[in-house]
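In order of appearance the chains are A, B, C, D, E and F, and numbering begins at 1 in each one.
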Amino acid sequence: MVYLTRREHFNGAHKLYINSWSEEKNREVFGKCANKHYHGHNFDVYVTVKAVPHAETGFVINAHHLSKIMKREIVDRLDHKNFNLDVPEFKNKLGTSENVAIQIWRWMEPHLTDCKLHCVKLVETENIYVEYFGE
Amino acid sequence: MVYLTRREHFNGAHKLYINSWSEEKNREVFGKCANKHYHGHNFDVYVTVKAVPHAETGFVINAHHLSKIMKREIVDRLDHKNFNLDVPEFKNKLGTSENVAIQIWRWMEPHLTDCKLHCVKLVETENIYVEYFGE
Amino acid sequence: MVYLTRREHFNGAHKLYINSWSEEKNREVFGKCANKHYHGHNFDVYVTVKAVPHAETGFVINAHHLSKIMKREIVDRLDHKNFNLDVPEFKNKLGTSENVAIQIWRWMEPHLTDCKLHCVKLVETENIYVEYFGE
Amino acid sequence: MVYLTRREHFNGAHKLYINSWSEEKNREVFGKCANKHYHGHNFDVYVTVKAVPHAETGFVINAHHLSKIMKREIVDRLDHKNFNLDVPEFKNKLGTSENVAIQIWRWMEPHLTDCKLHCVKLVETENIYVEYFGE
Amino acid sequence: MVYLTRREHFNGAHKLYINSWSEEKNREVFGKCANKHYHGHNFDVYVTVKAVPHAETGFVINAHHLSKIMKREIVDRLDHKNFNLDVPEFKNKLGTSENVAIQIWRWMEPHLTDCKLHCVKLVETENIYVEYFGE
Amino acid sequence: MVYLTRREHFNGAHKLYINSWSEEKNREVFGKCANKHYHGHNFDVYVTVKAVPHAETGFVINAHHLSKIMKREIVDRLDHKNFNLDVPEFKNKLGTSENVAIQIWRWMEPHLTDCKLHCVKLVETENIYVEYFGE
């Protein structure tokens, strides 16, 4: 079993703000991230899959093929988008890195047939990242 | 003469959109950056100053002091802000990296008295950065 | 279950030297690290915690809150310190990266109540790092 | 139990090309990697070992000693080499990152006696890496 | 005047070997780089252009447009290529990083009309890079 | 004229403390860097030289040869050393990054005969670096 990881990139905007809360409570919990005019990040997303390498090609998965799936399922949905306004899945759920990572798992998993999805890692800044292993 | 460079960081949102242009022309010129709901970046800003090191301290500038000026003049104005909506200087001028770098120079220069401002470098993504030398 | 990792930074000095050994044996085992006048590193410390994201906030932990705990428990104790001379825990135990990582776990764990500490990763140079998972 | 990871570096050339396949099929499966004149990469290899730190030295393994084993077993065999032509193990097996990682495990494991080999990670580009855990 | 830099990436193979020299002299001058079966690198190329930002768009150059020129003029010619065998410009001249940087300048310059080419930087490994300023 | 840059690495310890000043004044000017027991850094040093590439070899300088000079002139003097106690040049002058960069220029310049020394860059942390151009 070998694990292969591929990185893709997208830039998004979001705000962490719960409408049913007061402005004060939002500021207290989310700090500067509650700015009502949004802020954004350069997100790096790493998708890790695992399989026994194919006997002839030596591949866990063709990394170019994995890249195409990631671009279609992740980048096209999130790049240069406002998560709160442009992404249906985050209309009623906060687009925290935690929730975005779980959602990326759901988008990717159905399209990985010859190998198994192992991890989605989402890097928000050089100081913060999250990982989701599907359970 | 020695050059000293200090990095600080901020996350912002912006859109590249000229209101007097049509939606089509904005899309044609600015591509995905014209998304009306904004997108964002993790910006790294590098400020370079130059001076003959002080005979006793061996310092061009106290890097901790430079950091404090940068936080007050740059980070407090731009971090977790929407450049188009929250920053007065970009109400009537596009907040491209080029324009932001020039503006940072204007904010910083009056506060550097014992050394000379040499360069403002603004890194928008790992693939794009701009530099402004004040002329 | 989502894993969230936060990075903080400190600069320290140490030497790897066992007083009950001869100078020769120290040099043989620890090489240049045995220099009696100390040497130092820029250490990056990554703390990983895990939890089911909170239903409302979407957070495993507020990353700003985690940062404050790390600064108080780790950075205030180790930054710009000489591990051998300034840190009580390393008076009688070598401050190798392995031992420092285990000690960081002990400092952090009591303060993580709503999520579970998963890993302490300590990066000594770009070529060497250690990880401790608490067992 | 603490995990220690050491990085080493090598530059190699390879092509992904199966001789029993047609030129067309090679191009279809391996894309630009099938160029018959080879292409190359800067490979970073990370070897992770695990052990209870030694009571006196505080070491999982002497990182300098681990480095010497990696240079002898990995770098001397692969650095500035053409995997297809210069490395016996890849005469009849494609030198994909997956297969190279498995081979590195085989070269390293017999030489790690006081600690246990945990992972071989091979970074092919900043966007692709593989990991092998020996099973 | 603002300077804008864009990075692109390619993987190539080359050998440093002068046919009119003996094997011994090649080894003596070029070391491992003289391996007759080639070796390779992940090359990062940074192209820097300069101009007064456009009054309306705030752009030195549209970075997406610069990227397209770089992909056509540089990446399509060098990516997954063997410089010695696949690139006409290096049939009779060694494909050292120095020579490749000069050649990239020649390929790029005719296509930069509204701004001025300032620098071509070619990163061969994390420890070595070259820069060419056109003079 | 092409510029070639080579990176080497060393780990050192220092304190910023002027003996003729009071403890209070040292703390006020140098902050945590005045800790009398020292602190340390992983220093990256980049040396840039310039020349017209050699007609036959295509080299500004053989990067391997430059590396050997840097190891002998810089790394052997500073690696795993305490600048204040182990390096004669910093017995009576503070080992700030500014002063160390100037000193590295003095050590390197006499040994560069076929090319010209252009810049010494010393990276103290990921947030601070200095550059010296010899004038």
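We adopt the following convention: contacts are C-beta pairs under 8 Å (C-beta built on N, C-alpha and C of every residue); 3 or more make two chains touch, one makes a residue touch a chain.
Small disclaimer: the values here were computed from a predicted structure and weren't measured.
Peer 1: Could you name all chains that are in contact with subunit A and with subunit F at the same time?
Peer 2: Both-contact set = B, C.
Peer 1: Taking only the C-alpha atoms, how many degrees of rotation bring subunit B onto subunit C, rounded to the nearest 5?
Peer 2: Value: 180 degrees, nearest 5.
Peer 1: Hey, which pair has more contacts between C-betas, D-E or A-C?
Peer 2: If we tally the contacting C-beta pairs, D-E comes out ahead.
Peer 1: Validating interface symmetry: for the copies subunit E and subunit F, is the fraction of residue numbers used by both over half? Same or different.
Peer 2: Mostly different residues form this interface, as fewer than half of the numbers used are common to both chains.
Peer 1: Work out which of A-B, B-E or D-E repeats the contact pattern of B-F, with more than half of the residue-numbered contact pairs in common.
Peer 2: Comparing residue numbers across A-B, B-E or D-E, the repeat of B-F turns out to be B-E.
Peer 1: Using mean Cα positions as chain centres, tell me which chain lies farthest from subunit D.
Peer 2: The most distant chain relative to subunit D turns out to be B.
Peer 1: Centroid of subunit A to centroid of subunit D, CA atoms only: how many Å?
Peer 2: 29
Peer 1: For subunit B versus subunit D, what separation do you get between their C-alpha means, in angstrom?
Peer 2: Once rounded, the distance between the two centres reads 41 Å.
Peer 1: If you average the Cα atoms of subunit D and of subunit F to get two centres, how far apart are those centres in Å?
Peer 2: Here subunit D and subunit F have centroids separated by 33 Å.
Peer 1: Two or more other chains touching the same residue: where does that happen in subunit C?
Peer 2: 126
Peer 1: Between which chains is there touch?
Peer 2: Once each pair is checked, the touching ones are A-B, A-C, A-D, B-E, B-F, C-D, C-F, D-E, E-F.
Peer 1: Under the touch definition given earlier, write down the residues of subunit F that touch subunit B in their complex.
Peer 2: 16, 18, 29-31, 93-99, 101-102, 126-133, 135
Peer 1: Per the contact definition, I'd like the list of subunit B residues that touch subunit A in the complex.
Peer 2: Interface residues on the subunit B side: 9, 11-14, 32-33, 35, 37-42, 79-82, 85-86, 125-126.
Peer 1: Which positions of subunit D touch subunit C when the two form their complex?
Peer 2: 1-8, 53, 56-60, 62-64, 67
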